[in-house]
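Pasting a structure below so you can have a look.
Which chain is which? They are A, B, C, D and E, in the order written, and residues in each are numbered from 1.
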């Protein structure tokens, strides 16, 4: 495990902080939520809970800088300097984003090149048990294998804040255990994680904060 | 002035007064202009009665270009300052602009039949108006195809700005490519020009079109502002967030 | 990291079972169908040959435009790209380069063959190829721009044709005229210089506009 | 249940923000670009006008072909259709009908406008419209067939152009010839009868072939 | 609930039977499984278990008649007459198959028309709690809402054998309870279900049979 996070581990970890103030986002004319404020920094695990369609995915998108806030702000900072989402956040969306005609290894390598972490690809692939499938095109991977590939991309991103949407969906019990392990190791090395999930995976019981979106009646 | 109006509330106040003024001015100018154009002014020597088409055609062609310029400026403002009112303005300029372009094409070809014997010529000026119509249609299509208002505004404004750079290029290339159409006899200095009994009604018709453009755009902006108000009116959030620290 | 992007796009193209070559097929089909429709008499068509070749290239390129960002947008790769530390400008540049290499270059190389079908004089073939080469950067960048604006819209394909047409018309006019220009003054033809100018403008304006459009898509 | 299918396809088209109309834009752009490329002289182009209109219709239709089954295949609707108790043949028929209504009919209706910009004589306009109408069923069914064969291949778009070309060439030849035929013998022109024949053959052969192709796609 | 299944309930239930004999399917040159035999008939719940990538989805595809068997056969019969898969099977794939630009109601209505069960649409939509979202385009539905729509399609299909791939993924706890309820009611009315799932939803504990695919070592 140690090698994987060596870059965060070896250097003094970046002091990453994500601060949400008074955030509201609406869809289809009605605000999904309003006046939401919270913050996440090194060592935090924020578990976002809530029923289907309550707005978890939308919120995660805003935290990752992919949706613009309607009112309120989302601010990112690294070592107390304001920065952009992409400097500190990695986002695992609900849908896997692998190129169908690339092999698992090629797809991962591409992202590793962009993140400058080429040396980690092999480890990451083994870590998520896709070693034997490295040369299979991602279009042929099973649902769970695709999710594992997305996990590997989280690893190679080497970003301090992981934003994960429903990471346990379609994974078997080994897979859920793997998420636990990865997140724990990430936190141990000074990372933080924001996880939207229905299933209370084990890692979530060690969440430092929960954010529950509950329908107003 | 623009800064003052940038607030939607103040804008609505302003437009409440300005819109009817534009509307009535336009109507008055149309009545006067059409009277001069259709009844008072003499038929031209070469074109006969068909010259009366000019009073509808030339102002339409001018306003089409003016509307595009306004559209591009509003787009620039919207792109840089992300001001919602500029979005509404840009969007509201586009529809009348398209209509004027279309009108210029239709009246031009109605005029073309008596003047040149065909409805259409692949001539530089006419082709470039056709292309202007394509630009307008593309712009409207973007608004139409993208449901998220802010995104649509941004993407449309990019297209409008790049399209504006494109306009001199088109004009230059197409003018240079094939010319048949009347050269600019009013707009270019030192040109022979028209006699005053043609020039006057033309000028009034131009005014009428311009006021019409102002009226249509103001109404468009008003409707757009009200629409986005209604969209924001329902403010009770569907969910409340409960944050617990463990 | 433009290299990685270009490499990925080329690999994807090679993997797609030759799809990138279909642009070439379209080019051939276009030439064949127009020759058939126009009646097939060589003497009648010879003066139009450069125009038909230009049209074939333009339509073939236009029809490949939507693909530039469409799949990357749909499968979420574009969002991830935004979250990587790479600039969207270099992404657009990489896309323009791989588009030029995969979708325009083969057409230019196929021009002599098309010229053969129309029995064009050698000089005109040269002129057509040169004018196409000079216009290629502009063509690629208009493609990137329009695809960035319309990424993720269904039916974007046809709409792209509409919104790029105004940009492409000057290329077409000067490109076709350049064939006469070249006959008179070879490489010094003013039309060729205009084409270079259009390509430079498109680089200066089109690329930043495309990256702004992508940014707007992702927020 | 063909009705339900056609209704759904029409609703989808209306919902798509006018995308179905973009075929019409392509038609207009095609006419404009070819007129510009050919130099814009009406006298030179008048004899080619029907051919250019035919080409514009054919390319515009061809470019809509891939959409016929592509999205239904990708999002899994086609698999669900196979699991419903409906015959694939009626699915293909429904698709052909909605394609003809959405993608060919508007083009035929736009023909008079196109004829205007080429200054075509009225008789030729009539002839062009009649020949297009008679060829429409064949065109739609070739589209359904080729889209069924290539559903789910990426880059199927260009390939579709390639595989439908051989079928479309006879339509094009007789369609363009029919304009002369009509000038001589009005509706009795033999070319028009050939077009009717081609449409009938395509119904008899093309539809069953398309449903067989779909079945093969799904197992 | 009663109305929903009225057609199966009112008529004497069809005697549906799905019989798998000696089935093998391979992918990428290696067989995923070989010599598999089993059968499912009215009243059965077959729970298919197995790690990610073991071949569950592939197997379900074969049972629904969407993948061709390489060796061995899959036979379907209704009232002891051989029939086709489509006569007795409804398949809920992993990916939701809603048309993005139709509203939830329109999308469901289309399928109801094809199945001749137009009268059930309203009930089905309410049942899966999509009533308030009936007029939202499916492209705007959340991940869980899309899965619920797929459940509604299962209901309106009125087929005796339900084949479900990972139905609980992305659903909240209400959603999982809903699956339990729907499947139990379906079985009570003489239906059968084949479910591939990692999470042991409550319904699965009442599964009459489990089929576990285990990696050979």
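By definition in this document, a residue touches a chain if its C-beta (ideal position, glycine included) is under 8 Å from a C-beta of that chain, and two chains touch if they have at least 3 such contacts.
Values in this document were obtained by computation on a predicted structure and should not be read as measured data.
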{"item": "Chain pair with the greatest number of C-beta contact pairs", "value": "C-D"}
{"item": "Separation of chain B from chain D, taking each centre as the mean of its C-alpha atoms, in whole Å", "value": "35"}
{"item": "Between chain B and chain C, centroid-to-centroid distance (C-alpha), Å", "value": "31"}
{"item": "Computed distance of Cα centres, chain B from chain A, in Å", "value": "48"}
{"item": "Length of the line joining the C-alpha centres of chain B and chain E, rounded to whole Å", "value": "56"}
{"item": "Chain E residues counted as touching two or more neighbouring chains", "value": "100-101"}
{"item": "Touching two or more other chains - residue numbers and ranges from chain C", "value": "16, 71, 153-155, 159, 162, 165, 169, 173, 219"}
{"item": "Sequence positions of chain B contacting 2 or more other chains", "value": "127, 131, 134, 137, 141, 145, 177"}
{"item": "Pairwise chain contacts under the document criterion", "value": "A-B, A-C, A-E, B-C, B-D, C-D, D-E"}
{"item": "Partner chain B, residues of chain C touching it in the complex", "value": "145, 149-150, 153, 155-156, 159, 162-163, 165-167, 169-170, 173-174, 177, 194, 198, 201, 205-206, 209, 212-213, 216-217, 219"}
{"item": "Chain C residues within the chain D interface of the complex", "value": "16-17, 19-20, 22-23, 25-26, 29-30, 32-34, 36-39, 48, 51-52, 54-55, 58-59, 63, 67, 71, 153-155, 157-159, 161-162, 165, 168-169, 172-173, 176"}
{"item": "Touching residues on chain B, where the partner in the complex is chain A", "value": "150, 231, 234-246"}
{"item": "Complex contacts: residues of chain A adjacent to chain E", "value": "27-28, 50-54, 56-57, 94, 133, 136, 140-145, 148, 166, 169-175, 198-199"}
{"item": "Interface residues, chain A side, partner chain C - complex", "value": "64-68, 85-87, 89-91, 93, 95-102, 106, 110-111, 113-115, 137, 153, 157"}
